[in-house]
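Below are two complexes that have chain A in common, paired first with chain B and then with chain C.
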Partner chain A sequence: MRDGIRLYLRYVSMSLRSQLQYPASFLMLVVGNLAITGIEFLTIWALFSRFGSLGEWSLPEVALFYGMVHMAFAISEAAARGFDILHRQVRSGDFDRILLRPRSTALQVMGLEFQLLRVGRFAQGLVVLRWGLTSLKMSITFAELLLIVAAIIGGGLLFSGLFVLQATLSFWSVDSLEVVNLTTYGGVETAQAPISIYRGYFRSFFTWVIPLATINYFPLMAILDHADPLGIPHWLSWLSPLAGLVFFVLCLQVWNFGVRHYHSTGS
Partner chain B sequence: MAQIVVQDLRKAFKVAKREAGLWNAFRGLVKREYTHVQALDGVSFEIEEGELVGYLGPNGAGKSTTIKILSGILLPDEGICQVMGRIPWQERIDHVREIGVVFGQRSQLWWDLPVIDSFELLRDIYRLSSADYRKTLEKVVDTLELTDLLEVPVRQLSLGQRMRCELAASLLHNPKLLFLDEPTIGLDAVSKLVVRDFVKTLNEEQGTTVILTTHDMDDIEALCSRVMIIGRGKILARGKLKDITREVARERRLVVELDGDYSKEYIRSQVPGAELVKLEGKQAHFDFDPARISPPELIANISARFQVRDLLIENQPIDEVISRLYGELHI
Partner chain C sequence: MNRRAYQAIMRLRFMLLMQYRIAALAGITTQFMFGFVKIMVLEAFYLSTTQPQPLTFQQAVGYVWLGQAMLRLLPWDGDGEIQALVRSGNVAYELCRPLDLYSHWYARAIALRVAPTLLRAVPVFLVTLFVLPPKYALSIPTAGGWAAWILSTLGAIALGCAITNLINISMFWTISGEGISRLIPAVVIILSGMGVPLPLFPDWSQRLLELLPFAGLVDTPARFFTGQLSPTMIWVFLARQLVWTAILIIWGRRLLARGLRRVVVQGG
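Up next, the complex of A and B:
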């Protein structure tokens, strides 16, 4: 395990140095990433200035949802990007090289690329989260802060799991990836707002099938002390970051199944 | 037991039929038709530790499929395959720790970074102790003359330099078995010789088993004690290259430089027992079968009728022999 982390860090450092070989292009990508996500939040702000609130939620509260989900997504975009580009490796045959190394395939794929430019999205999420907390003028305890951090990490794992699923699909088909984008990019859009504003079936899907609600909704219910219309008790909110971990582990099982399939078809 | 034992290996691929045209592309979304390609159709062989074996065959004959199965990437449909007592795909991690693979057409080095960075990554991947790593590195750097290349980003290397680095990269963990898939493809003459020398020394001094696939017959002639020829999924010939080619290439070639210009027809009429295959200016190339006409007799015949400036007997060019062999084996 420790050895695995050490290897992953070596991959990360190589990936970073590769990207910094072209500093101008790297800077432009970061700025672009920051600008795109920044404009996204501006549109939300514009909507609020028109309508005042979203159901029972104020803008600073929604800012917390927004900030957390974007930080979580930025983590997985940076760290699990290798899974996102796997279909290219499979098509070109470079995935064979990964099978020829005496290490876990998932670890090696994760190491294919670490996208530092995602600090753009991460920073923007952090700024929005911070702004939300200040505007709410609430004092949060250390435990609550810990819950927020854990929820963001759990969310990172959850989105990474989705990237793993997407990569696994590429063992069967190179073209069916858009389906997964619905749940990754679509998931980010969805979880920017409190999940209680959506219709029942939609809410259930993002609670029980892909547990997006655990990234920010459940933890924030506890922190903001809102009663959940679904009737989920607050103590469960404190466990919700674990859902991301469980989801990620399950996705890795699916991944291993996909690798076995690759062994027998070679494509 | 031999280091590699392969018995009656079979592998078929399902390949989606794609017909030309936009309409057919759309139709393929709904209904796909598959063709069945039998890549390996009962392949058996054994390879002993320390051998240097050439694996030949035209494109699509099943070479890469065999290599992929032996290296644990691919699962066969049927048959037995044991490498160093292991079934490669069942014990992937233990298996790949002891083999090295070089694909001539693909790189394992990080494109934008200095070569040494890729080597250090491999050190971590294979969990090499720094003492072992340094010892092996020193040795390969020395024999492949990489000292000046280590700090150069891979993208700036020439193809020959890169291939030397690829070879080094696949040997850092001291594999007992090395697969080389077209290692000299596209290389200039000097680089080819360096690679060849290195492989030969590696095999002789360290006893590393090497399986080499190539289309370069000079590689095979220079290196391989034994060859196997595969075609349409079957091993069609095996043994020493000389013995295999003797069957199809009983004939020797005599190149004569004549002192004067003659027409093909005239030369043919004057030299029975040998076939004039080529006439380049004053140089006439004859193929003859030494069992039917002895070389001294043939030379005597020719010098009795022509003024001869120079002559040379050689084996037929190996490429021609192999392509004739493929023809005879119907592959």
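Up next, the complex of A and C:
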């Protein structure tokens, strides 16, 4: 295990060094990433300036939702990028090389690339989150801060799990399936707002099947002291970061199943 | 003779792009998902206020569906093949053809935008007009509304293709296509009304949003279709789309001429 982590860190440092070869161009990419993702908050701000509130939620409160889900997604975009581009390896047959090495396939795929430019999305999420916390003028305990951080990491694992599923599907389809985007990019769009505003079936799907609600809705429900319309108790919120971890581990099982059924394209 | 050549280019590209049906099916699913998320969020916002809004909820629903149906009409990227030509230097071949380069690329842009839109818009229209429960459905406009929508959609295509061509031409300067082209989608989505219906932006920004070219891409047709604008206003809005199209075409031609003067063709 420790050896695996050391190897992964080696992969990451190699990837970072190659991306930093052209610092100016890298900086531009980060600024671009920050601007593009940041512009999304503009649309939320516009709607609040028109309607005042979103149900029982205020703009600074929704800013916390927004910040957390974007930071979580940025982590998985950077760390699980290898799974996102795996279909290319499958199509070209390069995945065979990974199978030849005596190390875990998931670890090697994750090490294919660590996409540092995603710090742009991460930074804008952090800025929005901070702004939300300061404008709420609430005192936040250390335990609550820990819950937020843990939930963001759990969210990173959850989205990474989805990227793993997408990659696993490419063993059969040989191409990247846009359908998975529904739960990754679509999931970010969905979780920018409190999940309680959505209609029954939709809300259940993103609570129980793909537990997006655990990234920000459950933790913030407890921290901001909102009652859940379905009566889910607050103490459960403190367990929600674990959901991301469990989801990720389950996805890795699916991945291992997929690897066993992999047939090389032979090219 | 030349006109026939441009028509042939457009037709060939069109037939090629119509082949991507599976991709279109996946895209349609995505569009429904995003449409529903947007509508449910808007519904929660509309329920939070009792004040009359510049757009009724029903109109906002229609606006969102029209945006999703016409998504691929938006000029948020250039023509990938042209960008590759400029990058590799093979654009020299393009110069050998006895055709006006700007018009050639414009014809390709029309196919690039219209073919995928047709594949995706038809199912989205059918479902949102006839299948969804009335509260979340697209309402059928009046005859005048239809006419104004068709005219303004044609205007949106002309405008969108002029912007696409500008993106293509900007490749002469940016080469990698990474810098500007990463910002363009964000700008186009926000300012065209694809993100949030433009009438819902703060009142002080309305004048500015209307004067910018991007409103002509999504906002104008959607407002005529949903009846937020009276069909008699079509001439004002169509004129605005066409004036912007003309400005962007002239600007694009100038830039193309300048870009070609400094183009260096690599051998080999």
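Note that in this section the second predicted complex is superposed on the first by the 260 of 267 C-alpha atoms of A that agree within 3 Å, B and C clash if a C-alpha of one lies under 4 Å from a C-alpha of the other, contacts with A are read in each partner's own complex, and residues count from 1 in each chain.
Rule of thumb we're sticking to: a contact is a pair of C-beta atoms (placed from the backbone, for glycine too) under 8 Å apart; a residue touches a chain by one contact, two chains touch by 3 or more.
Only a predicted model underlies this, so the values are computations on that prediction, with no experimental measurement involved.
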Which of chain B and chain C A:L99 touches, first, second, both or neither: first
Partner chain in contact with A:R10 - chain B first, chain C second, else both or neither: first
More chain A residues in contact - chain B or chain C: C
Partner chain(s) touched by A:R2 [first = chain B, second = chain C, both, neither]: neither
Partner chain(s) touched by A:H263 [first = chain B, second = chain C, both, neither]: first
Partner chain in contact with A:K137 - chain B first, chain C second, else both or neither: neither
For the chain A and chain C complex, residues of the former touching the latter: 25, 28-29, 32-33, 35-36, 39-40, 42-43, 46-47, 49-55, 177-179, 181-182, 186, 189-190, 193, 197-199, 202
Residue numbers on chain C that touch chain A, as the complex places them: 23, 26-27, 29-30, 33-34, 36-37, 40-42, 44-49, 53, 178-179, 182-183, 185-187, 189-190, 195-196, 200-202
Chain B - residues contacting chain A, complex: 13-14, 65, 68, 71-75, 89, 92-94, 96-97, 99, 101, 103, 106, 108, 110-113, 117, 120-121, 124-127, 153
List of chain A residues in touch with chain B within their complex: 3, 6-7, 10-11, 14, 17-18, 21, 92-94, 96-97, 99-103, 263-266
